[in-house]
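Each of the next two complexes has chain A plus one more chain, namely chain B in the first and chain C in the second.
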Partner chain A sequence: MAERPEDLNLPNAVITRIIKEALPDGVNISKEARSAISRAASVFVLYATSCANNFAMKGKRKTLNATDVLSAMEEMEFQRFVTPLKEALEAYRREQKGKKEASEQKKKDKDKKTDSEEQDKSRDEDNDEDEERLEEEEQNEEEEVDN
Partner chain B sequence: MSGKMADVVVGKDKCGEQRLVSLPLSRIRVIMKSSPEVSSINQEALVLTAKATELFVQYLATYSYRHGSGKEKKVLTYSDLANTAEESETFQFLTDILPKKILASKYLKMLKEEKREEDEENDNDNESDHDEAES
Partner chain C sequence: MAAAAASGSGTPREEDGPAGEAVASQPPAPTTAPGARLSRLPLARVKALVKADPDVTLAGQEAIFILARAAELFVETIAKDAYCCAQQGKRKTLQRRDLDNAIEAVDEFAFLEDWALTLPSLLH
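Right, the complex of A and B next:
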């Protein structure tokens, strides 16, 4: 997959945009600083992956999952990322659920659609407590799709 | 409906296939898989790693800027980043790829000064010859 060393770089344009959005308006980023941050980001990915993989191995799992990545953040002393990451994960799950339901609903009639929307709402509220259980359920479906 | 809610949470715009993360997932996956011990990664772990990388870039940039020297000039420089790697424990894993540049530049300056001294000595001997070599 990663045949050339450039394959391990992240796109500069995107990295620059993220930096600019994070810094106050009008701050310049030297070219060297940009490429340094980009390299740092690649190293971060590798470091996070390796930490997450340790957690997966401890759990005797072959597939990295969301909990492994969250545990990795704590291990790496990036606890501050955990809350925003959990929020992003919830948003992602809601999005996936939305997509799945949207395609199911195409086949169903409109009465059933309103039913499932109500169900969806209550399920979203339960999300916090059920997170881990949900994770395992979803993981099984996704493993096949991904690999 | 739930899709819309996700947009609000993440603060991204619509366009059907909206994204929670702006970094390309395919590239993040390639980097993750370049690690030999990793066999497979589920989609949630991939999305989270990409998101974490974004947070990391933001944090590294803002942290370095805040602690950096270029605040008056409104510029984020390489040495701000190298300082961060050296001084912050959290960012310590970056020291290898963000070596302190000050040392190198000081070294260069030292070399230059040495050279200048030599040049001055040589200038007394044969001025024109050396000027050409310089430029």
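Right, the complex of A and C next:
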């Protein structure tokens, strides 16, 4: 499979934005430096993946999980990343849970709708009886007012 | 009536009303809660990098997400370290050499020297 090198690079615009936000205002970055950072980031991901994969294989798993990546960070001497990554992971899990619940809720509402349509039919019959009663009461009131 | 006629021969004035909104050419912002920037790097690209490793079979979504976030932290870190070098030279523009200096100076970045050599096809 021929994969172009560009496809394995991260988008320049995003890299530039991250760099600019990390640095004080007024600081610029040359094109070569930015491109070098972008490639370094790609290498970082590849290296981290390889480390994480070692942990997965140790655990006899075929799927890389979040813990493997966190262990890789420590292995690579990027312990300072571990805490912010754990926080980010929790926020991500909450968001995923929220999305899942939202879609489940939608499904429940959809089911409820089909159920309630059947219920409404019987409810309408009850309402008709109530309306008749109300009309009688109104007639009575009118009689009283006339008097 | 005269005022209406004076305002123009019926052509709508777009500057005034809300109809004159500029069409945003930027991609839509991710729908994350304010203050909680989960990830700016596209997960699809990160996933492509992970898959490039022949030893990797599968990677969970959480793993991809953490890798993306870690890459962002890495970019911030290396940019700041490189900036320290530029500051010493009293420059306001980060140059390639600042980056090279940072990589040499910081132990954690040593892997960049090794890997850049072993994967030339990916990073030319």
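We take it that the second predicted complex is superposed on the first by the 104 of 147 C-alpha atoms of A that agree within 3 Å, B and C clash if a C-alpha of one lies under 4 Å from a C-alpha of the other, contacts with A are read in each partner's own complex, and residues count from 1 in each chain.
Operating definition for what follows: a contact is a pair of C-beta atoms (placed from the backbone, for glycine too) under 8 Å apart; a residue touches a chain by one contact, two chains touch by 3 or more.
Every value quoted in this text rests on a predicted model; they were computed, and no experiment measured them.
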item: Three-chain arrangement built on chain A, chain B and chain C clash or fit; value: clash
item: First (chain B), second (chain C), both or neither touched by A:Q105; value: neither
item: Touch count on chain A, higher of chain B and chain C; value: B
item: First (chain B), second (chain C), both or neither touched by A:A91; value: both
item: Touched partner set for A:A52, first chain B, second chain C, both or neither; value: both
item: Partner chain in contact with A:A33 - chain B first, chain C second, else both or neither; value: both
item: Common ground on chain A, meaning residues reached by chain C in one complex and by chain B in the other; value: 7-8, 10-11, 14-15, 17-19, 21-24, 26-30, 32-33, 36-37, 39-50, 52-53, 57, 62-66, 68-70, 73, 76-78, 81, 84-85, 88-89, 91-93, 95
item: Chain C - residues contacting chain A, complex; value: 32-33, 36, 38-42, 45-46, 48-50, 52-53, 55-63, 65-67, 69-80, 82-83, 86, 92-96, 98-99, 103, 107-109, 111-112, 115-116, 119, 121-124
item: In the complex with chain C, residue positions of chain A that touch it; value: 3, 5, 7-11, 14-15, 17-19, 21-24, 26-30, 32-33, 36-37, 39-50, 52-53, 57, 62-66, 68-70, 73, 76-78, 81, 84-85, 88-89, 91-93, 95-96
item: Chain B residues touching chain A - in the complex, by the definition given at the top; value: 1-3, 5-6, 9-10, 18, 20-24, 27-28, 30-35, 37-49, 51-62, 65, 74-78, 80-82, 89-90, 93-94, 97-98
item: In the complex with chain B, residue positions of chain A that touch it; value: 1-2, 7-8, 10-11, 14-15, 17-19, 21-24, 26-30, 32-33, 36-37, 39-50, 52-53, 57, 62-66, 68-70, 73, 76-78, 80-81, 84-85, 87-95, 97-99, 101-102, 117, 120, 124, 135, 138-139, 142-143, 145-147
